[in-house]
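Right after this note come the structures.
Look for chain A in each of the two complexes below; its partner is chain B in the first and chain C in the second.
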Partner chain A sequence: MTEAGEVKRPGLINALFPSVVSGIVLGVIGAVVAGVIVNAATKGLNQDATVAAAYTGWTLFFFVGIGAFNGVLKWGFARREATPAEELQLAGKGQGIWRYFRYTTDHKVVGMQYLATVFVLFFVGSMGAFMIRLEQSTPGAIFFTPSTYNTIVGMHGILMIATTIIMVSGPFGNFILPIMIGARDMAFPRLNALSYWLLFAAIPVFLSMLALGGFQTGWTGYAPLAVQGLTPGMDAYCFLILIFAVSTTLAAMNILTTVIVMRTKGMTWGRLPVFVWGVVLSVILSLTAFPSFIVSQIMVLMDRIFQTSFFIAAYGGNNWLYEHLFWFMGHPEVYVISLPAMAVAAEVAAVFTRKAVFGYRFLVSGLVGISVLSVIVWGHHLYLSGSENALVAPFMLDTELISIPTGIFFLVLIGMFWRGKIWVTVPLLFVGGMLVNFVIGGISGIYLADLPTDEILHGGMFVVAHFHFVIPGSMVFGFFAGLYYWFPKMVGRRLDSTLGRLHFWLFEIGFLGTFTALFQAGLQGEPRWSANIAPPFATANLIASLFAILIAASVFVFIYNVIYTLVRGERAVANEWGGKTLEWTVPTPVPLENFEELPVVTSLPYDYGSPLPEPVTPAADIASAVIEAPIQPQGEV
Partner chain B sequence: MSEPNIEGSTGGASPARGEPRHLRRAIIIWAVLSVIGIAVWLAVAPFILPSAASNLESTDDLTIVVLTALSVPVAMFVWVFLGYSLFVFRVKDRPTEDGVPLQPRPSLQIGWLGVTSVLCLFLLIWGLVVFYQETASAASNTLVVRVTGQQWLWSFDYPQYGASSQSQVIELPVNRPVQFLVTSEDVLHGFSIRALGVRVDANPGEVTTTPVITATQIGSYTVNCVELCGLYHSYMWEAVNVVDDTTFNAWIVSQGGHL
Partner chain C sequence: METSLEHVHELEPHIKVARARAGVLMLILSDALAALAILAAGGYLRTLNTEGQYKVAGDFAPAYLPGLLIAIALVLSGLAYYWWERRASKPGGAGQTPFFLLALVLMLVAGVSETWIGASLRYGMPIQAYESVQLLLPWFTAVHLLLAVFIGLLLGGRILRGRLAGHEFIVEVVGYWWYYTVVASVLLWLFGVYLT
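Entry: the complex of A and B
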């Protein structure tokens, strides 16, 4: 521990403690000790308890080792306040590159940590995807055993879901958002570090699933299959969800509080950049949805460890309980992913078409509408679950209603392209690709929302193609739009534009080919999760696998581009694209505490062309009432 | 549709005389491509969709055809305006001036919401009408088949005949209503016969019923499991033969049943 004011002792021990190295060392020791103790206490009969204890030990002692509790010991229990010098020390002042490996509170450091982590996770997850395409390229389980295949599909699924949840709110929500609203840091900087390092602590748990025999349930973790699973890999899955959900919840509360209390002078709710709206609505939604996921995984762990029977029919449990808990999280979670990415698209489109957001209040009301409706649509996953038919009609109504606010997003985006001065950069290409794919993803969702078609498509490849069009095809494209847009600000160097275009075209063409083929397989009735695909679906799957090669190529082009840029990319200027949001007004690299003097905001950051008249029509007033309403109660929490 | 409002709301920045009338062009392109798209879809749909082998499946297929035909103009609207903008309004290099500062008029916003609401309403009504048709009560000669899923096979009983399927094949009579009562012995399974439009979850401890269906085509089809049920999930398929009455009766007897 380095006390502020104390003479800095150079030395290896001092550099390593506290840091991620000491965290991992102590964490492993903690895991082993806890595992051994519980194993002895249960006489080695309850391996699930042993595994859960080991993960608890790992998580707790990892945080001891990385110094998460140092602040509590020093400044906790109302002993004394941290001095400004100590705060700066915590924020990583003068620690060079090493600050990225510590419990650092600066929001920009946390943002970069998230970004690097998202890169690694996306890479691992995409390798899982290519293994799936390899196995499905030909009938029969040729390349992997069904057990390995199920584990790969499940790991690919849960990894990609988790990564897409954090891909925008993590890197950009932490790095860009506070600058965008004119704040010097997040509301709770130490909580911010905690939420990142919790995510980091979940990664070894994730990887350990392979060593613990994998898991058979896929990413949905359906009970009672999850309870039946003999391998402790299933415990790893449950624990992974717990750590990840706590991390996301902390991050969500932090972002929400930051936006509520840390906005600079003049940054009213009506002048918030669209991106901030997207992230705020997304985190409100995740705070609503994630508790039920946590609850469901605790129940599965209890069923596994303590032989309770929440989900075991023979002892009075019911699998519908799991399905409802899961999808109450599972469907809003798609919008947790979507809202920030859609907002990024609007933000990027405004800059590269040199036009104001086409109907700012209209768009924000659309995003609010999506987030409200998304909480009441989960039942469409259960149309064919055999539960009460009376539930079908209301859920069908809710689900179809959600296409109305989504339609607003499309109108606004088209309105921004229309008669703009369109500068076709890589970020804008990704916005275009997102619109193309999102139309297909959105429309194909209607087939699954309408019962007559869902009853031939449910649980099949059509669903797989649909949600891939929505999540990677639209939202990951939105992430890449934001990445190419903000990378110069975050890293200080420009990503190569030619490689960026190559990345885009390989990704888009490969993507369309792969998942259009899977739509066809789904229409023929191919079930999901198949290690052993049936001969009638072989051609479509082979085509999908061949197109996936293009996606694989795009991944490597992108990795090359990032490495090349880090080594010898051009230096970026402060306002790389001529954007008008606040992050472009600060120097690159962004100094600690962001602003010398906090800015005062007087208008929306989209005053391209003639100055934007404030809309004063009655319709706009109604829209603004809609905008403000859901925020107020959250402010009191 | 109220797109003209986009043009109308430009205020002082309306296009100079002689400048191409972008909106009219884009709408014409959209209309032409939509008609072509619908025609192409109607032409290829019979080849893309598997041939329907039951009354239920024909309704479901019809729904796919209608929804897709309806989707074409919607998708084209986004794509045509996006593509048109990208081709016509792009600038070579970093733009030195700003785009036309358009804002949507209230009438455009309301019009857009109106159109999307009508589309939604149509989907809902269509879905509900079909749904309630399918929940029609069973006729007196309905064949009841009890389906039990277990890891990783299906077994079938015919309680009206006292027969149980002895092999990995079941037979169904053509042109006779059938209802499946589905349950599971262990974990969640998904009982599905794609060609007949039958799909419902097999829940442990619960019996769920499918809509009454009537197979209309003699042929051989497949039962699949469509909920991940563990190790050999993707091997959990069996054959369904839809046969004429005589063959069916003979088969029932061969499976230990009585007529």
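Entry: the complex of A and C
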């Protein structure tokens, strides 16, 4: 332990440089300069090269401006190592709210940055969804041209996929996970900041798609259409994926290293909380699956800029290459999203049924089984692309096998509810909603895994309804379960329970109505990717659009709840729910390095038959907070 | 959110070593999978030979000799690094700095040469699938070699400042990336030769 000494309070110039302000200023200058140079070098004949150069300039100079390279250069060329005071400054010590706008290394700051970003991205993405439902509420074009509609669908898709990938691992994986394993920070704090700010740098690239003519491929970015598309909005899509994939890969490396190396004494692999297992397995999948996606987007960019032919059949390329590279990421990516959310559900269920995780090892084995199987099932997305018939049966079998470990997850959760002392809180409501929606999403998936039924349903609204039941219906519900559960620890205030219940019921009823109607539209034969619906599908689509109003209402109720809580919400106590995992043993708000003395773990954190844990931080207010933590806070009774 | 703690806890040395090892090995795993995806893509296109257009008359690969010389330079760079690392990675060991400099210079020469190869491939547009793969291989390799040079420069900075003492594990983990770069680059070159 080293005394930090005095932390210098930064002046205005020091506060702004480096910060997100200087990052944006330098990034814009870098984008313009790089774009102008390449435009001049190509005599204005290669728009894609100009756009790619501008995005490269933006990304590099944004990071110069925000100070991401300072630490790297000092690591190599400075005369001495960083002092504790400098480390504290970098971790945001004494910088108030401004630390959220700087290259701050504290894992809790990064977690909050992710959380705020997830909120904004979800809001933008859900607004895209409402535009889609509005356009599809009656037959014929209402507001958008087919091209604009396709762009909105594509942007909604890629934005929501990206957001759901980070929604649990980003905020909770950064804020909660290190505390859960008894660590003072992530293994690589600077890398942690880098992974967040890469995500931030991708947002202007995403928004620029609209200004650059959009893209017509949908979220999958299928080549050769991606190569043949004339608007540079497609370049924006490729860059978005590249930046996002690098961000996710760095975050995955960091989380995995943290869990491997930074666990406190006694926190063996067999005692890891289920949430940690879920995140670890998810990031292992990210590390495995994302490289092929990165390579696919590099190839698309090369095809667009240098006129190579990876995907152009006339010159020896092939569309199957893209489909394989894409879906090798695309299907595991569903589990990158699912595993942490499922683990959150198990964690929350244990606390609110006051029972140990039923079959802990069984559950972890199930999650491992899902991870392993998920990397060998991508071929079921190519059933109707003309792939080799001999491959169909193995891919069909693999895909159906996944239902076994997934079934274990359901059994475990039901086992926890069985004879548990069920405490119906908002987090538990979302777990319940997740189970209902996941059953529907999972069973409808079996029809798509089987070739005979997939031949009929493929490319239709049935698929849209299926994956919405799986991702938003199940995993976003899991995210909300985690959010209501950990929000008091992260923010120090308790989300309003009544508004939370209203949020849940509006969301669940709206969701079931919207996507059950789209199942019906799919069974009637409505295709996806159709800007204007045909009259036979009008009723189902109108019902879907009407129910979507409830989802919209739920979004605004949630936003109101968050704002209300931040302004006037009740202050949370250290152990809000009587949880046994380590994050509930530290004070709220959590100190900079989490633990004064690192805790020693002696058992699994789910022994709800025993008294509440002793606090590991000796501060008096914390001790009283833990002891006084109500088993059922008044707002929840 | 108020965060108050007046001191900073330093990580135990064995944790610093373990996290550096784990981090670099994961970076290598992720990058190796990207390289594998490129190899798989090249092999797949070759096998499919779509419409008989994968490789047509007049298609050419980068010249063999420059690639061979770069491969030799890379192997020598790896050996020089290994020679330096043998002593430098031991506690208090200084190593023989000329070997490190030799490794760095060879890596730099290889990186610049690979960039030159990529830039000098004057393929007529549109570029056939075979030539597309042949264009991707040197550029992918060049980026890696130049990244290794950048890491080498940072390490060189620490050597010049005398900041390796007590951080000998850095020599070891940079070595992981160094050797990986050498092996991956040589394999990618051999793959290009195989496609020819």
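Rule of thumb we're sticking to: the second predicted complex is superposed on the first by the 595 of 637 C-alpha atoms of A that agree within 3 Å, B and C clash if a C-alpha of one lies under 4 Å from a C-alpha of the other, contacts with A are read in each partner's own complex, and residues count from 1 in each chain.
Rule of thumb we're sticking to: contacts are C-beta pairs under 8 Å (C-beta built on N, C-alpha and C of every residue); 3 or more make two chains touch, one makes a residue touch a chain.
From a predicted model like this one, the values you see are computed outputs, not experimental measurements.
**Q** State whether chain B and chain C clash or fit side by side on chain A once the two structures are superposed.
**A** Because the two structures are overlaid on the shared chain, the partners are seen to fit without clashing.
**Q** Quick check for you: in the superposed arrangement, does A:K108 touch first (chain B), second (chain C), both or neither?
**A** Only chain C; A:K108 stays clear of chain B.
**Q** Considering only touches as defined above, state whether A:E87 meets chain B (first), chain C (second), both or neither.
**A** Only chain C is touched by A:E87; chain B is not.
**Q** Quick check on the superposed pair: does A:G218 touch chain B, chain C, both, or neither? Answer first, second, both or neither.
**A** first
**Q** Which holds for A:A314: it touches chain B only (first), chain C only (second), both, or neither?
**A** In the superposed model, A:A314 contacts both chain B and chain C.
**Q** By the touch definition at the top of the document, which applies to A:A538: first (chain B), second (chain C), both, or neither?
**A** In the superposition, A:A538 touches no partner, neither chain B nor chain C.
**Q** Check the residue A:L16 against both partner chains and state whether it touches chain B (first), chain C (second), both, or neither.
**A** neither
**Q** Per the contact definition in the header, classify A:M299: touching chain B only (first), chain C only (second), both, or neither.
**A** Only chain C is touched by A:M299; chain B is not.
**Q** Any idea whether chain B or chain C touches more of chain A?
**A** Comparing chain B with chain C, the partner touching more chain A residues is B.
**Q** Considering only the touch criterion stated at the top, classify A:M127 as touching first (chain B), second (chain C), both, or neither.
**A** A:M127 contacts neither chain B nor chain C.
**Q** Touching A:W529, do we find chain B (first), chain C (second), both, or neither?
**A** Only chain B is touched by A:W529; chain C is not.
**Q** Shortest C-alpha to C-alpha distance from chain B to chain C once the two structures are superposed, in angstrom?
**A** 7
**Q** Per the definitions at the top, what is the overlap between the chain A residues touching chain B and those touching chain C?
**A** Comparing the two interfaces on chain A, one with chain B and one with chain C, the shared residues are 313-314, 318, 320.
**Q** Residues of chain A touching chain B in their complex?
**A** The touching residues are 141, 146-147, 150, 216-218, 220, 222, 224-225, 228-229, 313-314, 318-320, 353-356, 358-359, 362, 384-386, 389, 392-393, 396-397, 400-401, 403-404, 407-408, 410-415, 417-424, 432, 435-436, 439-440, 443, 446-447, 449-453, 455-456, 458-460, 520, 523-525, 527-534, 578, 608-610, 612-613, 615, 617-620.
**Q** Can you name the residues of chain A that touch chain C in the complex?
**A** Interface residues on the chain A side: 1-4, 72-73, 75-81, 84, 87-88, 91-93, 106, 108, 112, 184, 187-188, 191, 249, 252-254, 256-257, 260-262, 287-288, 290-292, 294-296, 298-299, 302-303, 306-310, 312-318, 320-321, 324-325, 328, 491-492, 589-593, 596.
**Q** For chain B, which residues are in contact with chain A within the complex?
**A** For chain B paired with chain A, touching residues are 6, 10, 12-13, 22, 48-50, 56-57, 59-61, 63-64, 67, 71, 74-75, 77-79, 81-82, 85-86, 89-91, 93-95, 97-104, 106, 108-110, 112-113, 116-117, 119-120, 123-124, 126-128, 130-131, 134-135, 182, 186-188, 190, 192, 194-195, 197-206, 208-209, 222, 224-235, 237.
**Q** In the complex formed with chain A, which residues of chain C make contact?
**A** Residue positions touching the partner: 1-10, 15, 18-19, 22-23, 26-27, 29-31, 33-34, 36-38, 41, 44-45, 48-51, 53-56, 125-133, 135-136, 153-158, 161, 163.
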